[in-house]
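This report concerns only the one structure given below.
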Amino acid sequence: MSDEKTPEMTPERVEAMLTRGPFHQWLGLKVVAVHPDGIELKATWREEWVVNPDRRYTHGGILAALVDLAADWAMVAKTGRGVPTIDLRVDYHAAAMPGDLTAKGKVIRMGGQFSTAEAQIFDQAGKLLASGRGTYFTAPPKA
Amino acid sequence: MSDEKTPEMTPERVEAMLTRGPFHQWLGLKVVAVHPDGIELKATWREEWVVNPDRRYTHGGILAALVDLAADWAMVAKTGRGVPTIDLRVDYHAAAMPGDLTAKGKVIRMGGQFSTAEAQIFDQAGKLLASGRGTYFTAPPKA
Amino acid sequence: MSDEKTPEMTPERVEAMLTRGPFHQWLGLKVVAVHPDGIELKATWREEWVVNPDRRYTHGGILAALVDLAADWAMVAKTGRGVPTIDLRVDYHAAAMPGDLTAKGKVIRMGGQFSTAEAQIFDQAGKLLASGRGTYFTAPPKA
Amino acid sequence: MSDEKTPEMTPERVEAMLTRGPFHQWLGLKVVAVHPDGIELKATWREEWVVNPDRRYTHGGILAALVDLAADWAMVAKTGRGVPTIDLRVDYHAAAMPGDLTAKGKVIRMGGQFSTAEAQIFDQAGKLLASGRGTYFTAPPKA
């Protein structure tokens, strides 16, 4: 998909694309902002995220999904769509207690065949909970 | 927790520990086998896993959660519990179509402070969908 | 490069290809074995590998280079050549004391555009020092 | 080592610590700047870095070593020393042609037991060649 033909990627438009997916609906995703080289998402906490019934923190798989999502869709202004994830790294910095999460994604390097992007996950007090990066398959779709 | 005091980690016992967590219940986790250096889990497909409503494959975040879970609990025979994830790497090999998933975790190196374990995710036909590894914090809990 | 045209990848042939590179010469690489899905290399210790002049262990960058090399060339039976590394993960398990190192690489998944392979690094007593995995660009070279 | 007792980490002081190691000498490391949360290093190109004798680019293992070094020593203002690497991720963005390299390291999260830092590698024209992140063991040394 050439940049020229990509319609403007407003938060509303990207949110409409994103929330077609049942998993994205389940995560309660909202698109807060779309920049030329990044994106900011919000995810809505739900009881099923909890891994430890006593200490009540969120499972790292949810944070991994959000790192992947924000890094992937950081490239939407360039690609006009989500792109396949090739691999992902996530670092866990602090326990995620119940509450909505903010995910900020940023392009590190945009390439013709594959690209690198990173993301950070914050709680509502702005505390960094997790961060990571992934490699994405950004070759244009075959006609 | 010393090895001496750890009760025998049967699949039933580990499944009872695992499924106390709401996220683990949501994943429909079953413990198929527990080995001295590994574990085999099964997760029960659900509609909310789907990321792409047209092509119907499962979101990579679910696969990441299962890589993390299987690698983490691969150490249960040694630790008697799940342990905090420090970081995680996931490689995606093929689209995960609707259906239950099998996750096999294996210890790479058990250490006093932190340990490394790996996992593979298969569909019900035995196709490798994803694999990865993580670093886990295995220092004994403070008394 | 199609499999049909790839000449047989004997250890001698792969070693001759590998050791054209000055860095590979500096590492004192020898090819011990070539399998359909893997390779075994040996690297010759040298004083310049030492990072800590008191404790005398080898720098992790040398181990990272060997993980990358063994994972990359694990695919040589399929590709007939080394392939570009897209990204790499390395886990460090034990200090590498002075002495030659063995690196075993194995294909995890061979793909058309990109592939995943892993490697383990051992000392001469067979102790696991490091392990890791990488994503490699395995699209056929353009004619 | 408590922060209070750490002597001021000037570039000269850190360079003197770093260049005690034979591998660091071989890399021709210079310390350009030390910040509270980061470091800038320079490495001096040498012929042995070349992996491909025709196209003349530097082996990814050298870039991995520099990502590790810059991320590790980004914490020197806090730790007063280099710290053990637990694991490392490196993404390769462009071929590194002959010439000196600049490595910028930055702390992502400083923890009591383990910490996360990242690094970027640039050529002398300021082109981003590689980037990555690692987990480091930052527990205080035992008395």
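Per-chain numbering from 1; labels A, B, C and D assigned in written order.
As a convention for this text, a contact is a pair of C-beta atoms (placed from the backbone, for glycine too) under 8 Å apart; a residue touches a chain by one contact, two chains touch by 3 or more.
Quick caveat: nothing in here was measured; it's all calculated off a predicted structure.
A.B. asks: So what angle, to the nearest 5 degrees, turns chain C so that its CA atoms land on those of chain D?
C.D. replies: In degrees, rounded to 5: 180.
A.B. asks: If you take the mean of the Cα atoms for each chain, which one ends up farthest from chain B?
C.D. replies: D
A.B. asks: Centroid from C-alpha atoms only, then distance chain A to chain B, rounded to Å. What do you get?
C.D. replies: 22
A.B. asks: Taking the mean of the CA coordinates per chain, how far is chain B from chain D in Å?
C.D. replies: The computed centroid separation for chain B versus chain D comes out at 33 Å.
A.B. asks: State, to the nearest whole Å, the distance from the C-alpha centre of chain B to the C-alpha centre of chain C.
C.D. replies: 29
A.B. asks: Which residues does chain B have that touch at least 2 chains other than itself?
C.D. replies: 86-87, 89, 91, 116, 135 - these are the residues of chain B that touch more than one other chain.
A.B. asks: Could you pull out which chain C residues touch chain A in their complex?
C.D. replies: Result: residues 86-87, 89, 113-114, 116, 135, 137, 139 of chain C touch chain A.
A.B. asks: Contact residues on chain C for chain D in the complex?
C.D. replies: Where chain C meets chain D, its residues are 20-26, 47-53, 58-62, 64-66, 68-69, 84-92.
A.B. asks: Can you name the residues of chain C that touch chain B in the complex?
C.D. replies: By the definition above, chain C touches chain B via 89, 91, 93, 108-109, 111, 116, 128, 131, 133, 135.
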